[in-house]
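Chain lettering (A, B and C) follows the sequence in which the chains are written, and residue indices restart at 1 in each chain.
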Amino acid sequence: MSAMDTVTPAVRPAKGGPPAPPAPAPVKRRRRADQRRSSVAAWAAVGVIGLFGLLPVYWMLVTALSPDDRAFRFPPDLFPRAVTLEHFRAFAENEALFRYMLNSVVVASITAVLSVVVSAYMGYSFSKFRYRGRTSLMNFVLASQMFPQALLLITLYAVFSEFGLLNTYAALILSFTTFTMPLCVWMLKGIFDTVPDALLEAAAIDGASRWRTLHTIVAPLAAPGMVAAGLFAFVRGWNDFIFALTLADRDTQTLPPGLVNTYIGEFQTSWPALMAASLIVSLPVVIAFTFLQRYLVGGLTAGAVKS
Amino acid sequence: MSRFRTRQGLAPGTARPGAGLRRRDTLRLLGLGAMGAAGAGALSACAPSGGSGGGGGDASASTFGFSSWSLNEEASKPVVEAIVADWESAEDVSIDAVSYPYNDYLTQLTLKLRGGQVTGAVQLDIAWLGALAPMGRLLDLSDAAARGGYTEAALTSGQYEGTQYGLPWTTASIGLIANSTLLDAAGITEQPTTIEQFEEALRALKDLEGITPYAAATKVAQLKDIFPWMRTFGSTLVEGDTVTIGDDASVEAVEWYKRLYDDGLIAADVDRFDARALFAQGRVGFYDDAVIGKGATIAQASDPALADAMVPVPRPVLASGDAPQALLWGHVIVVVDGEGSDAATEFALHTTSDTATVADYFERLALPPTTAEGLGDPAVAQDAFTTEWTERITATATPGPFWHLTQNAQIEEVVAQQVQAVLVGGSSARDAMNAAREEITGLMER
Amino acid sequence: MTPLIGAARPRRGERLSNTAFALLLTLPGMALFAAIVCYPLIASLVTGFFEQSLVLPGRSFVGLSNYREALQGDFWPVLRQTAVFTLGATAIPFVLGFALALALNSGIRGSGFLRGLFLFPWVIPGVVVSFLWMWIFNANYGVLNGVLTRLGLIEESVGWLGEPGTAMLAVIVTKSWASFPWIMVMMLAALQTVPRELHEAAAVDGSGAIRRFFTVTWPGVRGVAAIAILLEFIWNFQHFDTIYVLTGGGPAGSTETFAVAVYREAFHGFDLGRATALGGLWMVLLLGLVGLYLRMFERETDR
């Protein structure tokens, strides 16, 4: 629940408000039974979905720990019998994979920052101004997602080539930023919607320019939401395969195509090595997200009131 | 800014919030083309005109690219990187290594060749030459080829419509590999040479517990493995511009395949990787693979004796005396016309024909050389499996029926999808093959 | 619902009108859209009226024939499969993600840790997810068959990806696995905006848990749910990786969606004209659907 604390007082639903008046005794008892039931239901849901969500991850781990000759056994060993760290070692020894990882982090991080900046301006415009064409622009942002991206890629490749951006981080970052923008704009617009207009009026009366109001008053209020939007954008840049494959070269390649090129070959699919590598590269992101998740949920909370 | 003002000016009525605005939304959503067109116009106005042509670069430059999927794959990476590095230091050239995953390689290469972004030497699967050569960016390498001492069969694999675009790097074939230990266990004393004997052998193998008698490809990716079987049954598949798939022989082949499938003699959802994995565990009697597959399979095997049990088997024939069918398989290196193409040609020639290099390449990756001298090198000549393979299987191997067409990949997919439809019971062999013929004919006419 | 006031009111002493200022704010984003989406989009749509190859130079105008051809052949089966995939891969993660969000929001212990753990499927690179499930579903040595055999639920291995009946299911399950954490996060955020007091008040009034869900929770999160579903729907319509890696559209074309079909036309058949015509049809279809959805949705929230 700490997530709630990251939301500014102005927009916080009154969670810390006065406690509810004491209920009459019978109702209280019924509520406690109710709560127990719902807690059981909650755990059941977590359990079932947890199996679905986490067993594959467990299986990744088992596979990664299996020697090559045991990985293809049938029926498979559900608990690893022979354990080896060779695949993790092999990952550590492959310098190219570090390069991919670094590229992924750079590309995804800059994508996140750029998306947030661009989307914040746009979201603010949609949220706090009324002008002709506003709805069209909003729909347009959404509509931009509706054409096959593989086909956009063909022309996009030529465009980046003309501007000399091919095989640069910029090509990847600009593409990912654009494709992640609809989500970010929507999230940030929602957050700006919750910033009271009175606050802006007050700033204006105090003589603050619109730019200053946006940057020094509104932006800090929306900061948690920006972090959240940035995390979503990060994942988009982190996960993409086809753009990263096409627009980058060996030096700027990110993890998804890099992993496939390394382990899914002409002659061989190295499942255990692929799983080991994937686990290693995902772990830092999972850890980072675990720490940042209070923003992920809390930051969005403000924006979630409206849509 | 002006663009937006224009758009605003076009918008009818006032921006009164309410029903009117919303009613227009759908229309506006659909009318976005107007705005997009403005954007496109603005962009294309300031963008230089498209498509930088090939052949414009300095052919004598000492910097060139080398595109190869092998440059990144775990197994081949060190070997190929060493070849590149050695050549760089020996010749004082600079090579830009480029790599894409094998499965996406042709797509990526096409896109980049089209954009004029590929220079220098390019590794290709011989099946892809027909897709790339018509783009008109590849160099005729006849002169270099004449200096290489390649075998005739190898040279053929680098030709497209009579022009030598590719220097052969490795030439072999895809054929059957058997597990002789399992065959013994099933009481099969002689290698089956006819389809009839082959099916009997499969049924005998089926009686062993937990065995897939023939790990034939049943996934789309490699279902093109059925082409040699269709040819075995007597179909030519294609004659000139006429597709003959759908004739009795091809239908018979598919019906036979379906029977094997229904009787559990071949398994569902198998591709080459699966077949190797299963074979490595001693659970497969026969499977289709290139000669190099042996190494990949043994790497996964827990029983070192498996290597000795692997034997090449010429594909059984319809009537004894027929030539066994096999699919030619290999890699070539082509050179893109333009920047550094001279140096790239020398690099390609060296890589594919220098005896020490190709012998080492064979020793470390089991990819057979393409020159008479390379094949004669003790490292190669003394490898019994490869020698036997070359003599018994590659000798009668033929190229894929549609390799010379740009649409090869799609055509193979069409056949694969139709065969799959038969296997899973979605349609009869006759209907499916007729449908395939119509679809392929349509594709060829485009 | 927001009153159209506040910053939108013109102010003395600033050079730009409010409208101009607002448009200026959208400019960086719009510039990106123009370059990365609009221009390629227009270029592509134009290609749809030409016979043009990816590998051969030149093109010739053929009018609507690409569209006509695209509408023949596999159009309708592909449309059906796209619908099945898109609906399935939107509904399942939504139900799972929402259920999980409800559970984690009910104040159970360790929910912070669990939330982190459940993010795993979401941050594993998408193609790796596909390969992971390919490995799990494998007919011959996959762990799913292994577990089911051990539990005695099946006698013979099932070729999950090799049978038309199960392949689509497998593809949907895989995609759902990768996206339910995203829905979970969105819905958790939405749930936290529902004031606890409303729940308590409803409980005092004697409403049961299910009733409270429909009278208190759902109205509070409906807006977020609607947009999450919309985005997920659009993305799934667009989705390519999972299907392509897992089944390649097979067996026998039973999992081929528009995304796969377009890719194949363009990159295997090298027929850009046909591919973009198909893409154009897809866009019209999607715009229509989304337009309808938006109208429905706006009418609802207006109440």
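In this text, contacts are C-beta pairs under 8 Å (C-beta built on N, C-alpha and C of every residue); 3 or more make two chains touch, one makes a residue touch a chain.
A quick note: this is a predicted structure, and the numbers were derived from the prediction, not measured.
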Chain whose averaged C-alpha position falls nearest the assembly-wide average: C
Inter-chain pair with the most contacting C-beta pairs: A-C
Separation of chain A from chain C, taking each centre as the mean of its C-alpha atoms, in whole Å: 15
Chain B-chain C separation of Cα centroids, rounded to whole Å: 32
Distance between the centres, which are taken as Cα means, of chain B and chain A, whole angstrom: 36
Residues within chain A bordering two or more other chains: 72-74, 130-132, 134, 139-140, 143, 153-154, 159, 257, 260, 264, 269
Where chain C touches two or more other chains, by residue: 4, 23, 27, 30, 33, 35, 38-39, 41, 43, 54, 140-141, 267, 287, 290, 294
Where chain B touches two or more other chains, by residue: 4, 17, 22, 25, 29, 35, 43, 111, 277-278
Chain A - residues contacting chain C, complex: 1-4, 13-15, 17, 20, 23, 27, 31, 34, 37-39, 41-43, 45-46, 49-50, 52-54, 56-57, 59-60, 63, 72-76, 78, 117-119, 121-122, 124-132, 134, 137, 139-156, 159, 174-175, 177-179, 181-183, 185-186, 193, 197-198, 200-201, 204, 209-210, 213, 228, 232, 235, 238-242, 255-257, 259-260, 264, 269, 271, 274-275, 278, 281-282, 285-287, 289-290, 293-294, 296-301, 303-307
Complex contacts: residues of chain B adjacent to chain C: 1, 4, 17, 22, 25-26, 29-30, 33, 35-37, 39-40, 42-44, 107, 110-111, 114, 131-132, 134-136, 212, 218-221, 267-270, 274, 277-278, 406-407, 409-410, 413, 416-418, 420-421, 423-424, 426-427, 443, 446
In the complex, chain A residues that touch chain B: 68-74, 90, 94, 96, 130-136, 139-140, 143, 153-154, 157-159, 161-163, 166, 245-246, 249-250, 257-258, 260-270, 273
Chain B-touching residues of chain C, taken from the complex the two chains share: 4, 20, 23-24, 27, 30, 33-35, 38-39, 41-43, 45, 51, 53-57, 138-141, 159-164, 247-253, 264-265, 267-271, 284, 287-288, 290-292, 294-295, 298-299
Residue ranges of chain B in contact with chain A within the complex: 4, 7-8, 11, 14-15, 17, 21-22, 25, 28-29, 32, 35, 43, 47-48, 50-52, 69-77, 97-104, 108, 111-112, 115-117, 125, 273, 276-278, 280-281, 283, 290, 292-293, 295-296, 299-302
